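Next come two complexes, and both contain chain A; in the first it sits with chain B, in the second with chain C.
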Partner chain A sequence: MEPTFRASMNWLHTWAGVVLGGLLFAIFWMGTLAVFDREIDRWMMPMTRLEMPAGAPISIDSLRPSHEVAAAARSPNWGIIFPTEREPTLRMSWREGSSLVQRFIEPATGAVLPDPGTWAGTRFLYPFHYMLHIRVQDVGIWLVGLAAMAMMALCVSGVIIHRKIFTDFFTFRVARKPRRLILDLHNMTGVLGLPFHFLISLSGLVIFFSLYFPSSWQVAYNGDRQAFFDDAYGTHRPQKAGEPGGMASFDAMAAEARGLWDGATLRYFFVRNPGDARSIVQIGRLDQGIVSSTYDAAYFDGPTGKLISYRSGTPPVMSIQRFISGLHLIQFRHWALRWVYFGLGLVGCVMIATGYLFWLESRRKKHAQLGLGGARIVEGLTIGSVTGIVIATLSFFAVNRSLPLGATFLGEDRAALEIWTFYLVWLATFAHAWLRPGRAWIEQCWAVVAFAVAAVVLNWITTGDHLARSLAHRHLWAIAGMDLLLLVAAAMAALTALKLRRRQATRAAVPAPLAEKQHA
Partner chain B sequence: MRDGVLLLAVLAACYLGFAMLALSQDRHWYHLDWRRHCPLRAILPLRMAGYGLLFAALVLALVRDGPGFGALLWATMISIGALAVVCTLTWWPSWLRPLVRLFQHLD
Partner chain C sequence: MRRISAMQGVSVAVRLVAAIGGGYAVAAGLAALAAVVLPATTDLPRSEAVVLASMLAFLVYLALLIWGFAEQHLSRLWVIFATAALASWGGAWGLVRLTAGN
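And now, the complex of A and B:
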């Protein structure tokens, strides 16, 4: 325990930051990218770069053959997700054994598109930010929950230890020495981004409240999780008859559901226990016009097509939770807010990175004098966590545009190869950071430039959608946006590398004792 | 069109509001006026106008998007506005000179 409250908060802020900063940066980075997950999907799956069909959607009954396949495979469910502005394909999925089968369908014609062979944004980048792809015992989700709690503690303790929060509110002394500059940048991004950072961490925890705070429902429902879900989310528990049964018209049920919600657009159409005599059809409503993440659904008895029950509107007890979840999940249609979220997410990344840099700048000299290795270890950790994950993500994009469809290597399919690339490149950046401490920052900045430019060029070569073309066609704006942001990232990384090299050169040119003084 | 104009208005109100709050601080006033202190008579009007504009931004956001999206837009746009003011003060402080002139005569 430190002598004063502020000193203890300082201790907490420093060490929670150093220990969890790498994890926090990864979560913030991936979460920021997840803001545009469906746009990334379209970039990584060129066959889905379609125009939204203007006419009537295709008949759901025309997709029946695949429903029969799912029924024959004894899949627990078969479902389709209807196209939206951000995802102009119809996505169909079912399970075969332990693997998930996904098919992308062109909504205008019903033609099945070739398998994209990638997990892209929605299946790799987006889940990474809340579960790190560690499924065992939900360890990933719990680690992210710990990081979110730490983030809130860091926000609060950061405000407490800030010496001049109001005087320095708008202060960024860019001409000062690195240590002052970094601290200004950390304080400024931390204080000005505080509402967003705090809210986004808190709402992340609130989404998973039934997992993180199980006592909240265990007490009220005597530990019966399913009963709680039935009440809170209105889920309808399907029961299997165990004998085969028919299936009524899909289109008739969809039309009835639409009528229940005054002609609303539908989000999904799921069949639970396809082929079973007691199969249930669940149809969800699309509501992009409100912040809350809604879950209005209608349930039909599969064989007869009779309505069992439906929900319209969120029950009052869940409304706050759904609002807070909704503001995190941004499934609504609001482009201004989407870009603001993206920008503030990047501001959060800057804050975490500069926190690390400040720790390093204030200890580097002392550690060198005392012969401690701590600063070097943390510097490697910082480089791998910051530029490393950026490079790994960019390599994920670049390899996606270089592997041909259906590629396999060592028995791994295309999607797995992309993910292996991501992890191996990330690992390599840590190794590089520890092996070449003096040069790692500059070299990794150049790696960012190389991968980002390569991704844009490879996209052009493999799809023909260069910037002039993608900017000219409205349905390719997602591609144009991705290419432009990649080029901006490359430009910023190049500027950083040049600036760092110039600084290194001037430091080398000044006689050693003078350089020491300048640095102090 | 209406949405675009209102969005710009929200952003402008956040930006100007924070710019005035920044100018009411000696450090930033000094930057532009080369006087060590922000004139005492200018501080109160600057701050009132600053907070007033931030409140106006909230009203505009609510008018544009209703209570749900409006509150969210305001809560995030104030960060964007404040960050934009910091960038201005750091790299292009002279942009704020007209504002300084507006309040200089109060001294």
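And now, the complex of A and C:
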């Protein structure tokens, strides 16, 4: 479209970045947090800060009363997820009408823990990352898909427009003017994270291949999605008999499933159509030792407890799909790699933010001269998208540690109040950014400091798990990690605010034409 | 910094629809075609062909997106995308009808 290929790619890079940068930052930020979603869960649900039991797991049959409740409520399923090192509670769930009921159980005793009243990391932050909590017509998932495609296009166009990609990687001109520094930082984070950014976008899309490119199964399977899933995943189509039926021993089925996989640990135990004469029990295996996100499962006939079929190993193409998905979902056990993902996620956030800043710095003066409002609008958008979502997330943490269990307000329960806080605070940061240009960055940095420190202090007050205590107990390291990261974030935000203010002060002290020379 | 004229605005909008919408239509059509052709011509099972076709479609779409923004002639872009979409969807649909008839 532009005269040369490189100029076209420059146009694409600039405008895709400006239009989708805010969405991309939100997705990257939430994805980075989701790397530690279960640790965030434990921080936000103090009743689940348990030690992993050393002894044998509790009997699944002892949880039968809750299965009967689910059967009576005609829930389409009833399931439990077994504890792991990162999630030391047993999670039980079923549906009552349209709402999901979740119970957390202490694995050592079988005692039901009090309702945590929060969606925390796994139900709020993590789904936000891939569907933005916009369920209507899957709009959220499609928007994230579009953003991921744009991210790959941004990676490609970024490499093309970058003339000296290798030498520039070693160039970081701290002492130079801010615009040059921002561009250097954008280039450095962009090149450093390039393989990660490209692969994390592609693998995220590949997880939902059947949703984003349904044409393949629609044509090959004549529009029957379930038939494709039966073939590809070996799933069993649960068919209701419509008559009540019994249920064989849970523990016996679980033991048989373990035997099928040479004594492997189990991940979950699901009953499809509980209470029905044709109920099916699906038992999944836990595989934390490999990258692939496996879906090995055994199916049992509920009333008789007889094995229907089981799956172990996958065909070649599907194994590639599971490996790529596993790369993205990081359910494997590797703490060093988990931190690398977290770090590269933050690198991505810096890259997106500096891309925005570079656009602003290169246009601010010209826009002001021409009387165009573009730079101001984009600056507000940038502030709300970058510091705004960080503040909103921190307010989500702080309000979680302030509301008592069972709190309600205006008919909304505790979990909903936390989510309302997140969205309202986020909205307020945009308003603030547009209302106070020139000051918004500094003030929002101070808001980050305030909320982050408040979250740490509130956690101490409400749970007694201060840093000295959480660092001393191994099962509280997740809490210590969260508190420490919050404090590091507060320190970095405070430094940024001070530095920005000093720069503003020097700019104000020097007569305007001189300042232009120094900083433009 | 120049102001954008109305003509430029229209041409950008037409290009966005062509590159994003047209590119997707072609990538999805090629995925459908591959999902039908592969099991018929190789010993790849049907479900495996579907997974492979859908996964590769992301890379095809990426390439089409890049080309969609690089091609200077909007008309050529539209003609090629329309032809490719018609051919791939038509081919996939025709093959399904053909094999179903047997």
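The criterion applied here is as follows: the second predicted complex is superposed on the first by the 520 of 520 C-alpha atoms of A that agree within 3 Å, B and C clash if a C-alpha of one lies under 4 Å from a C-alpha of the other, contacts with A are read in each partner's own complex, and residues count from 1 in each chain.
Throughout what follows, a residue touches a chain if its C-beta (ideal position, glycine included) is under 8 Å from a C-beta of that chain, and two chains touch if they have at least 3 such contacts.
None of the values given here were measured: they were computed from a predicted structure.
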Touched partner set for A:323, first chain B, second chain C, both or neither: first
Partner chain in contact with A:206 - chain B first, chain C second, else both or neither: second
First (chain B), second (chain C), both or neither touched by A:370: second
Per-residue contact with chain A, leading partner among chain C and chain B: C
First (chain B), second (chain C), both or neither touched by A:196: first
Chain B versus chain C as contact partner of A:290, first or second or both or neither: first
Partner chain in contact with A:94 - chain B first, chain C second, else both or neither: neither
Residues on chain A lying within both footprints (that of chain B and that of chain C): none
Residues of chain A defined as touching chain C within the complex: 1-3, 5, 8-9, 11-12, 146, 149, 152-153, 156-157, 202, 205-206, 209-210, 212-213, 215-222, 228, 231-232, 315-318, 320-321, 324, 363, 366-367, 370, 372
Residue numbers on chain A that touch chain B, as the complex places them: 167, 169-172, 174, 188-189, 192-196, 199, 290-292, 323, 327, 332, 334, 336-337, 340-341, 343-344, 347
In the complex with chain A, residue positions of chain B that touch it: 7, 18, 21-22, 25, 27-28, 65, 68-69, 72-73, 75-80, 82-83, 85-87, 89-91
Chain C residues touching chain A - in the complex, by the definition given at the top: 1, 3, 15, 20, 27-29, 31-32, 34-36, 39, 44-55, 57-59, 61-62, 65-66, 69-72, 74, 92-93, 96
